[in-house]
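Labels run A, B, C and D following the written order; every chain starts at residue 1.
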C-alpha cells in the first residue's frame, strides 16, 4: 500500500480513529504545518480512509521519497514532531513488535505516555511508530480495500484519479451485460455477506427474468457484532461501492437501485450521501461517468436499528418503508423483489470487489484464493484442502482479546492461525487463544486446536461455524463459552423480528435455559432441552436469523461441551 | 440534504415540537411517498427529538398510511423513540468485542452508579448494539460523545475514569 | 390449468398447478395443523406448524406458502416433524397466558385443537407470564392479548377483507403485540367499522364478542374465504340451513 | 409451664389447616386457634379481567362449590349491567342452587360426617370413613352417594358439566332447560326424598342417644346468625334484597307482604331480630373483617358489636335460625321438630348436621315445585345489555353460608377491585370457639404433663370444625390437599405434642 509521492501526511478519518481523537489530531497537524511555515504543496495533509490497525488509532501515515511510515496512538502533542518527521525523511521503522519476538515487553495498549519518547530516544516518535513490514500489514492483499487509506473518501477527484468509474465506463460503453456477468462468473466471487451464494449466478437469475424493470440493492446493513468490514469500505471509498453497484445495475438491466445502510454508521451515511450528491452534481451516472444517456438512479436508504434487515427479504420490506420482517422464500428477491420486480441484492463488500475484477479479469481474481493455496506455508495439508469454491480475497475485522485489532484483507484459504496469531499477534498479554468466534450471532466458535483450518466457506462450515460476513472475535482464556452463547442468544432475542414462532419464542426460551448454565444452576435435562430446542429453532425458523440463532450454542457445545457439563448441578433440583 | 437522524443526535431537539408545517414540508420533500416512511420518521425525530403520537398521526395522514402501520414501523426499529429523550444518556456498547472485553461487567457497574442519577431525572442508562468501534472496546456513548477503552478497574480508578469522561460524580449515598 | 402429481406420505395426489403444498396435503386427507393460515387471507408462513419434509430439500418447508411441483415427495409425519410441532405448541402456550378454563374460546379454539392433536399435555418450557392488559374499550368486542399468538389473521382480515387496516403488529420479537391505530384503545380508532372480521378470524379467544363468556364463542372462521371469494370473483357460497 | 396442643393437619376438610391449643403456666387450656395456612390470591389476580369472566374465574376457586361462586358472580354481573334477568333464568338459577346445596350437604353428611356418628368416635380411624360405612351399611352408603349424584346430575343437565360449569352469565343463563332433563329430574326425585327421609330417621335416633354429648358440647354458645330471607321472612337461598321476582323455595312464594324486600337478616341467640332487610350492597356498613397474624383466613364480625363480640354464624343452621318458615310442607315440619329439639334458635354448632338434612328436604321440595312451573321452560333466558354500573355487590347462599362478591370495574368493564366474603370466613370466629369448647370438654384440666394427643381427641376437634363443613380453598386459596395438624404448645411457645394426619 505504499505509494511514491511528494511528502504527504495521510490522517485516518474512519470512525475508529475519529473516536480515538483523529479529528483533533488533524487540526493540530494543520496548525503545526502553518506554524512551521510550510505550504500544502510541500507537505500535503489530508484525510483518508481506514489505515487498518484500528486498535492503535488515531493513525497517521507519511509518504515521502523514502517510502511510507505509519504512527499510531497519537495525540495533538505529537503534531509538530509528525510534521517535521514527514517533511524530512526518517529513520527505519521500529515499534510494532512481532509478538514472537518479545510479547509482554511492550503491550500495544494503552497508549504510551507522551513524555517518554521525548526524553529517551533520538527519534521522539519511536514509540508511536508502527512497523509496516509486520505481517499484519505485509500479509494483506488489498483488492476491495485497494484505495482505502490512500484517498480522501470525500473527494471524488481523488477517487477518479485512482481509477474510480473507469470500469463502469468500460462496461457501459464496451461490454454487453452478458459479458460483464461472464467476467463475474469467471471470478468465482461469492456473496461476502455470509451466505456465500455465487454472485455471477445471482446476477444471471435477475438478468434472465422475463422482461420488465429490475432493481439493484447494496446491502450495507452490517449488523453482526464484531463486524466492520462494510463500514470500512463505505467510510473509506464510497465511490468504489457505487461503481460496483452501477456495474451490477448494468449487468442485470436495472435502472434504479438503493444503497441500504444501517443508521448506526453515521459517518458512512454522510460519506455516501456526499458521494451520491457529487455524482448528481455532475449529471448522474449516465453522461458524466459513462458518456451515454444511461438513466441509472441510485438512492440511499437508512435503516433504523434492526439487525434482521440484513436478511434480504426484510431489507426489501424496510426499503419500502415497512417493518423489517422477512417473508418466506421462494419467491426469491431475484424473482420478485421491490414492487414485485426482480431485485439483485448484494453485500457491500461483494459489490466493491467488482471493479477490480473487471479491471484485472475474472481469472485474475479466481487465481487469488487458489494460488495462495498452492503455495501455502503448509503444503502437506494445504494441498488436500481444496478451495475451489473460495476464490479471491476477503476482508475480516479482527477484534476481541487480540493484540492487533483492525481490518485485514487476505486471500481466502489462508489458515485462521495466520490471521489470528501471525497478523493479529495472538491474545493480549501472551495468553493462549481459546477460540475464535466467526460469523457473529449466526456463526460459530473455532477452538484453538483447529486454528489451522483454512478460511474458506466449506472448511468453516464443516466445523459448524461459518465464514460469515467477516467478523472475527478472538477469545482469551477467561471467556466462558456458555456466557458467550448466552450473549449471542440475548442478541437474537433482541433482534428477532417476532414474526415466526420458533425465533420469537424459541430464542427467549433458549436464553432462559442458557441463563441456568451461566448461573451454574442447570440440570442434565436442561442440556437435552437445550439441544432439542436448538434443533427445532434451527430447522423451523422462517429466515436466516432464526435458523442460525442456535449456531453459537451448537458450536460451543460441539467444541466446549465440558464447560456446559460443569455448569450442571449433580442432583436434580426436585429430587 | 441534511444528514439523517442518528443515535448521536439524541436529545438535540432543534425545533419546537409541534411545528406542524415543518413536518408537512419534510414529508413533501420526500414526495409524499409512503415508501419514504422510515426516512420521514428519521427526520421527524431529528426535529422533535422523538416521535410524538400527534406527529405520527400527521405522518400517517399525509402519507396516506393506516395509523397502525405507521405505529408498527415506528415501534419496530430500535432507534426510534416514542417518548421524549432523556436529558443525558449513557449507552453501553454490547458488541461482541466489547462483550469479550468486559462490557457486561461495566454495564453492571454503571447500573449501580446511575441508579441514583436516574431518579434525579438526569441520566438514563441504555444498552446498545455494536457501534463498530470494536478495536477500542469497551465503548460508551455519553450523549453525543464516545468514550473508548473504558476497561474495568478497581473502584476508585474506574470512578475517576468515568468522572473524567463526563459521568456525574458519585453522590455521597453511594460512596462506601 | 395443468395438473401436478406428487406424493404425500407415500400416496399419490393430483392438484391443480399453482396449488400450495397445504392444499395438496389436505386433498390427500392429511390434517396438517395450521394457526396463522386462514383460507381467504394471504398466507404468511409464521406459525411454522404446517412444516413438511420435501425429499431432497435441506430443511422443512411451510406448506401454506410453498407451491406444489411435479414429482415432489413429501412427508408430513416424520418423528422429527411431530417433535417440532409439539415443541412449537409448547412455545405458544409458554409465551402467552392461555387459561382455557376461563377462556371464551374454550372448546372452539384452534390452539387448543392443535395442542390436542399433537398430544401436548404440558409445556417443557417455563411459562413466561407476560404482563398484558385487556382492551375492552370497543362497545361490541374485546381484545385480550394474553391469548394472542401473533398469527396476524386479524391484521390481514381487517386489511384484506374490510380494507380498514385497524390492526397491525407493533414492537419486535417477544415484545410483539397487536395494536389498533397508534396503539390506542380500540374504540378510539375511527377506521374500525365494527364488522367483526377480526373476531371471526381469530384462532383463539384473543378477540371476542363481549357477549361471549366461557365456551359460548362461535366464531365463523370460514367467513374469510367466503367473503374473499365474493369480493374478488363475485361468487357466493351461502351458508346455513335452507328456510323451512 | 404453659403448653399448646397442635392438630396439623386437620382432615376431612376442604383445604389445609392447623389447630393449636395454648396452655397457661398451670396447664389450663387458655386458647384454641384454627390456623388456615393457605394463601388467598383470587382477589388480586382477577384485576384487569373483564367482569364477564368473573363467573368462570371464581367458579374455579375450588371444585366443591363452584356453583355458588358462579351464581354470586353472575348476579353481581346482572347488577353491573343493571338488568333484571328473565323470569325463566331466575328460576333456572334457583334450580341450580337447590341442586348445589343438596349435593353439597349430601357430601358433608354421608361422606364426611356420618362415619363418626354411625361407626363411633373411637372406632378404628383407618375404617372411619365412607369406605368403612360402605362395609358396615352398604345400602345407606349407596343411597348417600346416589343422593349427591342426583344434585350433581342436575348441575350437569343444566350447565353441561358437574363441576366448574359456567352456565350462569351476567344477564341470565346460557341455555334453557331441556325437556329431557326435566323428565330425568322428576323420575329421580322420589328416590332422593326416600334417602333423606332414611337419613333423618337414623340421625334423630342418634341424637336421642349417643350424640347427646356432642350436641351439647360441640360449639354450643350464643352468637348471632345471619342469612338471606325472602320478602315474607321465608327461607331463602339466592335472591338478595329486592333482587328478583322469583321467591320462596320454588319461586311460588311471596309477592304479598307490603314492603317486604327480603335481604339479609340477623337474629340473636335469644330469638330477637338484630337486623332485618339488610341490603347486600351495604355489607360494608354492617360487616367488618378482622385480620389475625396467625391465619390467612379473615375474621368477619358484625360491625356494631365490635370484634370479637360481633361473632356470627352463617350456613344451614343460620338460615334455619333466621327464617320464619321454609315454605314447603315437609321441610316446615322438619323445621318445627328441629326447633322443638334445640329451642327457637339452635345454638349448638353440632346442629348444623341436622340443619343440613332439613335443607336437603327443602331443596328437594323446592326442585319439585320449580319443575311444576311452566315458566321454567321459557326459552328467553338472557337479558343483554352493556355495562351500566361501575360497582356492584352480589350475594347468594352457598351451602356453607352467605357468599358476597363485590366488584369494581373501569369504564370498559375491566375489574379494578374485588372483594369476596366467603361463608367459611364468616364462621371463622365460631370455629375457633368451637375448637376451644371441645378441647375443654374432652381434655383433662389441667392438662397432664407429658400428655400424648389421643386419636379420638384429634378426631373430635376435627369434627368440631367439620360441623361447619368449612371449605378453606375458596376462603383462602388452595395450593394442596386437605390435611390438618394439631399442636400442643407451652406458654413459651415450645411444642409439647404434635399429631399430624396426612392428606
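Assume contacts are C-beta pairs under 8 Å (C-beta built on N, C-alpha and C of every residue); 3 or more make two chains touch, one makes a residue touch a chain.
This one's a predicted model, so the numbers in the text were calculated from it and none came from an experiment.
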item: Middle chain, criterion being Cα centroid separation; value: C
item: Mean-CA-position distance for subunit C and subunit B (Å); value: 37
item: Centre-to-centre distance between subunit D and subunit C (centres being mean Cα positions), rounded to whole Å; value: 45
item: Rounded Å distance between subunit A and subunit B, as computed from the means of their C-alpha atoms; value: 25
item: Approximate Å spacing (C-alpha centroids) for the pair subunit B, subunit D; value: 61
item: Multi-chain contact sites of subunit C, meaning residues that touch two or more partners; value: 169, 171-172
item: Junction residues of subunit D - those touching two or more other chains; value: none
item: Per-residue overlap in subunit B, given as positions that touch at least 2 other chains; value: 69, 72, 76, 78
item: Pairwise touch network: line, ring, star, complete, or other; value: other
item: Those chain pairs that satisfy the touch definition; value: A-B, A-C, B-C, C-D
item: Of subunit A, residues touching subunit B in the complex; value: 15-16, 19-20, 53-57, 109-110, 222-228, 231, 263-266, 269-270, 273, 301-307, 318-325, 397, 399-401, 405-406, 437, 440, 471, 473-476, 479, 484, 487-488, 491, 494-495, 497
item: Contact footprint of subunit C on subunit D as seen in their complex; value: 48-50, 52-53, 55-57, 60, 160, 164, 166, 169-170, 174, 384, 386, 412-414
item: Complex contact set, residues of subunit B against subunit A; value: 1, 3-8, 33-39, 41-42, 69, 72-73, 76-80, 94-97, 99-101, 104, 129-137, 139, 146, 148-149
item: Residue numbers on subunit C that touch subunit D, as the complex places them; value: 101-102, 133-137, 139, 142, 144, 185, 210-216
item: In the complex with subunit A, residue positions of subunit C that touch it; value: 44-48, 51, 59-60, 62, 65-67, 80, 83-84, 87-88, 91-92, 94-95, 124-126, 128, 149-150, 169, 171-176
